[in-house]
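First chain written, first letter: the chains are A, B, C and D, and each begins at residue 1.
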Amino acid sequence: MTSVGLHHFVLLSAVLFSLGIACAIARRNAVAILVGIELMLNAAALNLAAFSRFGALRAEGQLFVLFVIVLAAAEAVVGLALILAIHRRLRSVDVHRADSLKG
Amino acid sequence: MEHPTTSTLLTWIIFTPSIGLLLIGLLLLTRPLTQLTQATLDHLSRAIGVFFSAVPLVLGGLLWASFDGRATGMQLVHHTVWMRAFNIEYFVGVDGLSVGLVLLTVLVSFVAALASLPWGIARDDHHHFSRRAVPGYMAMLLLLETGMLGVFCALDFFLFYVFWEVMLLPMYFLIGIWGGPRREYAAIKFFLYTLVGSVLMLLAMIALYFASDPGALGQAAFTLADGSTGKHTFNLLNLAELGRQGAFGAAGPILGVAFPRIVFVALFIAFAIKIPMVPFHTWLPDAHVEAPTPVSVILAGILLKMGIYGILRVNYPILPQATLWAREAIAVFGAVNMVYAAFVCLAQKDLKKLIAYSSVSHMGFCLLGMAALTPQGINGAVLQMINHGIISPALFLIAGVIYDRAHHREIERFGGLARRMPEYTALVGLSFMASLGLPGLNGFISEALTFLGAFPVFTVLTIVSAVSVVITAAYYLWTIQRMFLGPLNEKYASLSDLNWRERLTLYPLGALMLLLGVLPMPVISLMDPTLRALIEPLARSAGL
Amino acid sequence: MTEFRLLWLIPLLPLLGAFLSGAFGYRLQRRFGERAVAVVSVGLPWLAFGAAAWALLRLLSQGDVHALGARLWTWIAVGGLKVELALHMDRLSGMMAVMITLVGSLIHVYSIGYMKKDEGFWRFFAFLNLFLFAMLTLVLAGNLLLLFVGWEGVGLCSYLLIGFWYRDLKNARAGMKAFVVNRIGDFGFLAGMLVLFWGLGGSWSEAGYRPGEFFSLDFAELPRLLSGAAQRTLWGVPVPTLAGVLFFVGACGKSAQIPLYVWLPDAMAGPTPVSALIHAATMVTAGVYLVARLNFLYLASPTAMTVVAVVGAATALFAATIGCVQNDIKKVLAYSTISQLGYMFVGVGVGAYWAGAYHLLTHAFFKACLFLGAGSVILAMHHEQDMQKMGGLGRVMPFTRWTYWYACVAITGLPLASGFFSKDEILWQAYNTAGLGVPGWFLWLLLFLGAGLTSFYMWRSYFLTFTGQTVKIHGEEPEEQRPVITGVLAVLAVGAGVLMFVGLPEAWLGAPPAFEQYLEPVFKHGGLARVYPAGQGHGVELLLMLASVAVAAIGLGLAWWFYRGRSSAVPERLRAAFPRLHRLVQDKYYVDETYDAAVVQPTLELSRAASWFDSRIIDGLVNLSGGVTRLLAFLDGAIDKYLVDGLVNGLARLVRAAGAAARRWQTGRLPNYLAGLALGTIVLFALVRLLQAALGW
Amino acid sequence: MFGNLVSMRLLAPAVVLGAVALFLFLASAFVRRRETGRWLFPGAALIGLAAALVTLLETVRLQYLPDGYNCLLGGCTAFLGMLAYDPLAVFFQALVMLAAVAAVVLTVGSPAVPQARRGEYFGLILAMTVGMCLLVSANHLLMLYVALEAVSLCSYLLTGFDAKARSAEAGLKYALYGGVASAVMLFGLSWWYGLFGSLNLQSLHFCMLGSPALSPGESGAAVVALLFILAGFGFKIAAVPFHQWCPDAYEGAPTPIAALLSVAPKLSGFAVLLRFAFNLLFDPRDPETLAYAPAQLEWALWAIAALSALSMTIGNLAAIPQNNLKRLLAYSSIAHAGYLLMGVVGGSQGGIAAVSLYGAVYLVMNLGAFAVVAAVERATGSEDLLAFHGLAKRSPLLAVCMAVFLLALTGLPPTAGFVGKVYLFASLLKGGGSLPVILAVVGIVNTVISLYFYARVLRAMFLLPPEPGLPERIAPDGAGLLAAALAVLTLALGVFFGPLAMLAEWSAGFVR
């Protein structure tokens, strides 16, 4: 059995990040985009934690993860509030319909 | 280094028009309090406009009296530190090259202010430029005058550039608001062309600044106005001194081209647009055709001179090696200007456009003359600026006279006007003759000097460009024939001859054409020593 | 040279007249009638004549002085060039000045009668006075540049006066043609001056920059300078030759020689006194004067002399042929003038300057007399100029007839009038010439044939006009003119006669003619005043004289036979026999048409092409090294319309399209934006990788 | 490096702002009377900002801190290296506070924000200001990220604050775009941390140089990481290709907020970018000689130059067809991000000074332009170009002010914009080399292109007749007065730019 090493974490975080950005770009549902963002943030958090653990570095990385978690929550709150506001007006969370500003 | 005479006279001349501008602004701002009627406001603005362009004229007389024509250096300088940051100085002064142009500027500006009065314009013609938004118009005219005078007096490159750009906006508005039917197009075209030139100049200016290393010369030459020394300098005289010593040749190449050459080209294009040199000239006909008469007067009389002036003030002394490298090209451009524009003139149908192209043709003389680097050539070139600065305003005033009456300027549609407007015809004849270089009138002196000076250096080119002399006669005479001779076009049988405003503006210019034709030495002797000092080192290294 | 400030009076008095009648003439004429204008503008030329005569006497009284000078101020002084505003009167220019003021004043007097009741009376006199000023400046100028002032000044006045009756567009066109053709000549003059300036050193020479040396273009200075520069060449041509030929181009323009003569016949559109003064007696001889003035230059270049002589001879014959078939009396005189000018050029061209000058002087009188006589006829005929419609005027206009007759005697070279002597001197000198590029006998032959033709067409004009049945105008017979006109005719005719005494040939007297002696100081330094050995060849000279009298007599005889009393049918038959030839000559060899097709139209086409190029290509291209045009175009629909047909250039489209594209990317849809973000990053990454690979970081 | 207790004194401005923000949030919950709110909220906000400014100056006066550090000259770090207090920070903090003041003033007369919710609104502005203050001081990647998020979250909310539908749409787009951008940046940061092992900005340079040679894979990862971080900065300063949120957000946001967004976050983004770039790219020991530090990082300069050129070009081109003034100014601000990036590429202290100076100038002129838009919008209810037709006749004052701002934005003398441009170009050309010259030429071309659309506005105001149906005259209001004051300032700074130039050069002292 191979031990779980740094590159496993890094690989996982890369996958997570890719999934996140793909989700953000491909989905038209605003909530889904928000989810994509969360995925990307968590990928980064995973990276930080892994580097901190495996790189024989100081605990800065793990500290950072805590901040990321909090900020992700704040981001979600603000995002959802704005999604609600748009939903009230458009009766939809499809971002393609929110295209009155363009050009 | 001889000590130049110091004086605040130039500062007064430059900024007197701005005082008028501020007064007009004050009138407008306090209008809620003073409750002036529109008519009163208009009258006051006109009075301010005329007065504050007359004062520089008087001061110009003083300038002439206090200028010493035998000296070659700067005179009447006013020199203080402006901004320590980049060693930018407020440094104005005149030498033989600029003094004539300063005098020309105050004269032509005054004439333009007079020509902006609504005397003699039909009372019901509310759309005439002289009745539209008068305070703004006069304010712009005064601002323009400050800018022009500043350019001719500035001896700090940065200051020069600031004044150069200050002219841009009033001109844009003067054409764009008070101009003819296609004024917006003409105004923006003027704006863009000039801007292209000036941004190039900006780059070149900064490049020169950083390439200047005062340490290379003793400290003495490089002390600022307050006695301190700077690291780099914008001071045109110091830059020229550096240029004389070949300091810029040492700077590294830019994009693979030698530093002096690329800077020279950038500056040259910037100035060439203003001259205007073929092929950068196409803004001029449009600007002239749309601009109101007094603005055309200023445009042709003064603004066009700035290109040549800039080359002589900046390119020649600061980048002598590049000047020698480029002089053949300049001469060719000059010849092309003269001949090509003359041909284009022959095909014009609009009087103002014809005059505009003739300006292009006549500015070619300056290019040819100054490229020759001979005393006659350079004197001819600068004298041509002055002479053209007297003749072309008269020509545009003439175009304005007929436009005010007939509301169009199509040469073909007139005919036989000499019968109805003899005085006008006589003045047109005089101005045309002066412009085509009839000996005895002022245009001839500068043309002859240019040719005499250029021929020893560019024999074939000079002969080729002399062809324009024939073409010029042809298009002017053809114009006279079509407009004034032949049977009277009955449609214009009721046109009146000149009124007092037109006489007041045209006669002094006409008198100068005659006077400078037989007595050009007072002007030549003002500038000759300076110009020769300018070209002698160049000529020496060119092996002439 | 003696300073004589009052020389300035000579040109300035007419200038004062021009100013007074120009500025106040209109009001004077309104207020006090033509008389007031006439007093001023006729009086002042007479005063000028007085001044000129006084100055000339003064010059002659100072035996050893060759010239009087009058300096006003330094005109132009730049570098090595220093030109004074200075007049200069030697015997040649003194003779010219006196002749010009005298003939000019006479013609002024004549004009009082001729221009009567013309509303432009004052204007006419103003121009005429101005002309005198310019002409006097030309002949009295102390240097080339000042001469050029007069040179162009007379051209301007000629333009103004040809188009004097400007309401007829034909006259205006003739004026313009004269000016522009003259301008082509002036181009030659200018180029000549440049070559001279360059060639004579000035301050610039092949050796390098030489400051402090002054070059004045002064006639007194030029010979000395030329001697040092005679060997220099430009474009492979020696300087004297090049300058000489170029100056001669100028002379061709002013003096109506091939190929620039075309303006002179058209110039007859001006009032007849103008034709007499400007286009016969004075202005057109300026070219001859110029060559005589620059004699030192031409003597240094046989090639240039050859050009002058050959062109002169060719013109003399060529113009004479056209003169034979013209019907307009003034046109006949015009071609005659061109032809006679050719004679003068041969005179100065072969180095016999005094002969050329002598013919110039006599021609001034008899040709003025002819023109004024023609003017008198024209007045009588109510401005009818076609000789076919005249006839029998001799009976009703005796004064005019006999003065015209005597002038004809003079011009056709019959003895007992000055023309005989002056023309024969030229023929003789031409025959004798050697060292030019053409043999002397050839020049002589051309002139000889020309003399025959001259006699024929002049007498033809005389017979057609004055003999035969008297015509009636509106049922009335024409009348003789007032004394103010006939008196002038008489004086000129007397002048044409008296002048023969100064030119009696050496073959008769055994001594050089008085006129040659008079001009000797002017031309002696050239060292080539005479081209034949003194005292030899008088026999040949007498023989040739006889031959030319004979050919003149033949011409007279033919004219008498063909045209006297209009009774002969020979001209008709000849015309029928050679229709093509007749057409060709009558239509003046189609030279005007050829010029129009070969020069004028191409120039106009070129100008139109240049204009098109300017507004479409350059404007289109430069405007946009960018999409200025295009971008402006969309700022304003009207502009769009104007510019769409301008040169469409790729860059313009590009900028506009780029603007639109940049806008199109902004879809308003969030996922697109996010894709843009990702794509942008990827592109940046690719760019960086590329750079790293390329630059090897 | 100060410990936490000493550092509190340096944090005073942020504390003041935070306290006032808190007060406003609470007050908006309790103050029910409209009249009270009308003066209380803006009053409190202004007082808070004023107090913050005063305390900021007070911190500057703390020249000799206990262990001999000098804020004014060299700068110092606080909270164990988390925050930097140096001239750059002070300069940009002052700028963002001034911008906030302007936003508050503009809001007072604006119809955009519902009166009832103004307490929160002003509170959010102050909170955002706190974030920006921290951002410009951030000296650690963690601090940088947190401050960035704080600014962003506040601006999302403010953008969506208006009751109009497009405001909410703008807020949503901004929030989601910003979320993705910050996540990308964070991912980059995490990799950076992994590769070099430090999050402290000041050690960035030494990390790079000191670390053993990177394997090809690792250097690729370093490139990606840096680019991801750059993307985050690019989003904040609205540089192409990370700009697309910008026009939509500005157009949808209430005009005062658009004004604030166009200036404050952008400038604070630049401040932190400068700090980042100079710590990374330039050898701090030799700032004058422009040691483009490690050769293996030169590509980063090219990347920044590419961003600069793209921003200028795309921004200007896209601005040409715009008819909505806010949108036009948004594109203009994108182009200006490009101009400012020229200063970053120019490098050296001169470059920093140029960015600082241009930043200050940009603040003045851009706020001025938005103030005019706000004034016109209040009078006509529209920010379309049509509303500006014939403005010279309806309100000469506003028209003249706008003309001054537009000329300044174009960069013509005698306005401050010209001085700024000179500094930027000068910083580029100073060192020579082909990259700066090429970039300068691009900048020149763009200056000309930019004239098209600025001149369009000039033309509308001065050359065209007023549109029928618009008010005959526009009386000057608060926004108009602000515009006039800023116009005077723009001209004054164009002629007497000495003091400002000194300040800017002082701010560049942080690298020493």
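As a working rule, contacts are C-beta pairs under 8 Å (C-beta built on N, C-alpha and C of every residue); 3 or more make two chains touch, one makes a residue touch a chain.
What you see is a predicted model, and the numbers here were worked out from it, not measured in a lab.
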| item | value |
| --- | --- |
| Chain whose averaged C-alpha position falls nearest the assembly-wide average | B |
| Chain-chain pair with the highest tally of contacting C-beta pairs | B-C |
| Geometric centre distance via CA averages, chain B-chain A, whole Å | 65 |
| Centroid distance [mean C-alpha coordinates] between chain D and chain A, Å | 26 |
| Distance from the mean Cα position of chain C to that of chain A, given in whole angstrom | 95 |
| Chain centre separation in whole Å, for chain C relative to chain B (CA means) | 37 |
| Two or more partner chains touched - positions in chain D | 172-173, 176, 180, 184, 247-248, 321-322, 448, 452, 459 |
| Two or more partner chains touched - positions in chain B | 184, 188, 192 |
| Overlap residues in chain A, where contacts from two or more other chains coincide | 21, 24, 33, 95, 98, 100-103 |
| All pairs of touching chains, each written as two labels joined by a dash | A-C, A-D, B-C, B-D, C-D |
| Residue ranges of chain D touching chain B (in the complex, touch as defined) | 396, 403, 407, 410, 412-414, 418, 421-422, 425-426, 429-430, 432, 434, 437-438, 440-441, 444, 447-448, 451-452, 455, 458-459, 462-463, 496-498, 501-502, 505 |
| Residue ranges of chain C in contact with chain A within the complex | 663-664, 666-671, 674-675, 678 |
| Parts of chain D lying in touch with chain A, wherever the complex brings them together | 142, 145-146, 149, 153, 156-157, 160, 165-166, 168-173, 175-176, 179-180, 182-184, 186-187, 189-191, 193-194, 197-199, 247-248, 251-252, 321-322, 327 |
| Chain D residues touching chain C - in the complex, by the definition given at the top | 172-173, 176-177, 180-181, 184, 223-224, 227-228, 230-231, 235, 240-242, 244-245, 247-248, 295-296, 298-299, 302-303, 306-307, 314, 317-318, 320-322, 448-449, 452, 456, 459 |
| Residues of chain A defined as touching chain D within the complex | 10, 13, 17, 20-21, 24, 30, 33-34, 36-37, 40-41, 43-45, 47-48, 50-52, 55, 57, 60-61, 63-64, 67-68, 71, 74-75, 78-79, 81-83, 85-86, 88-90, 95, 98, 100-103 |
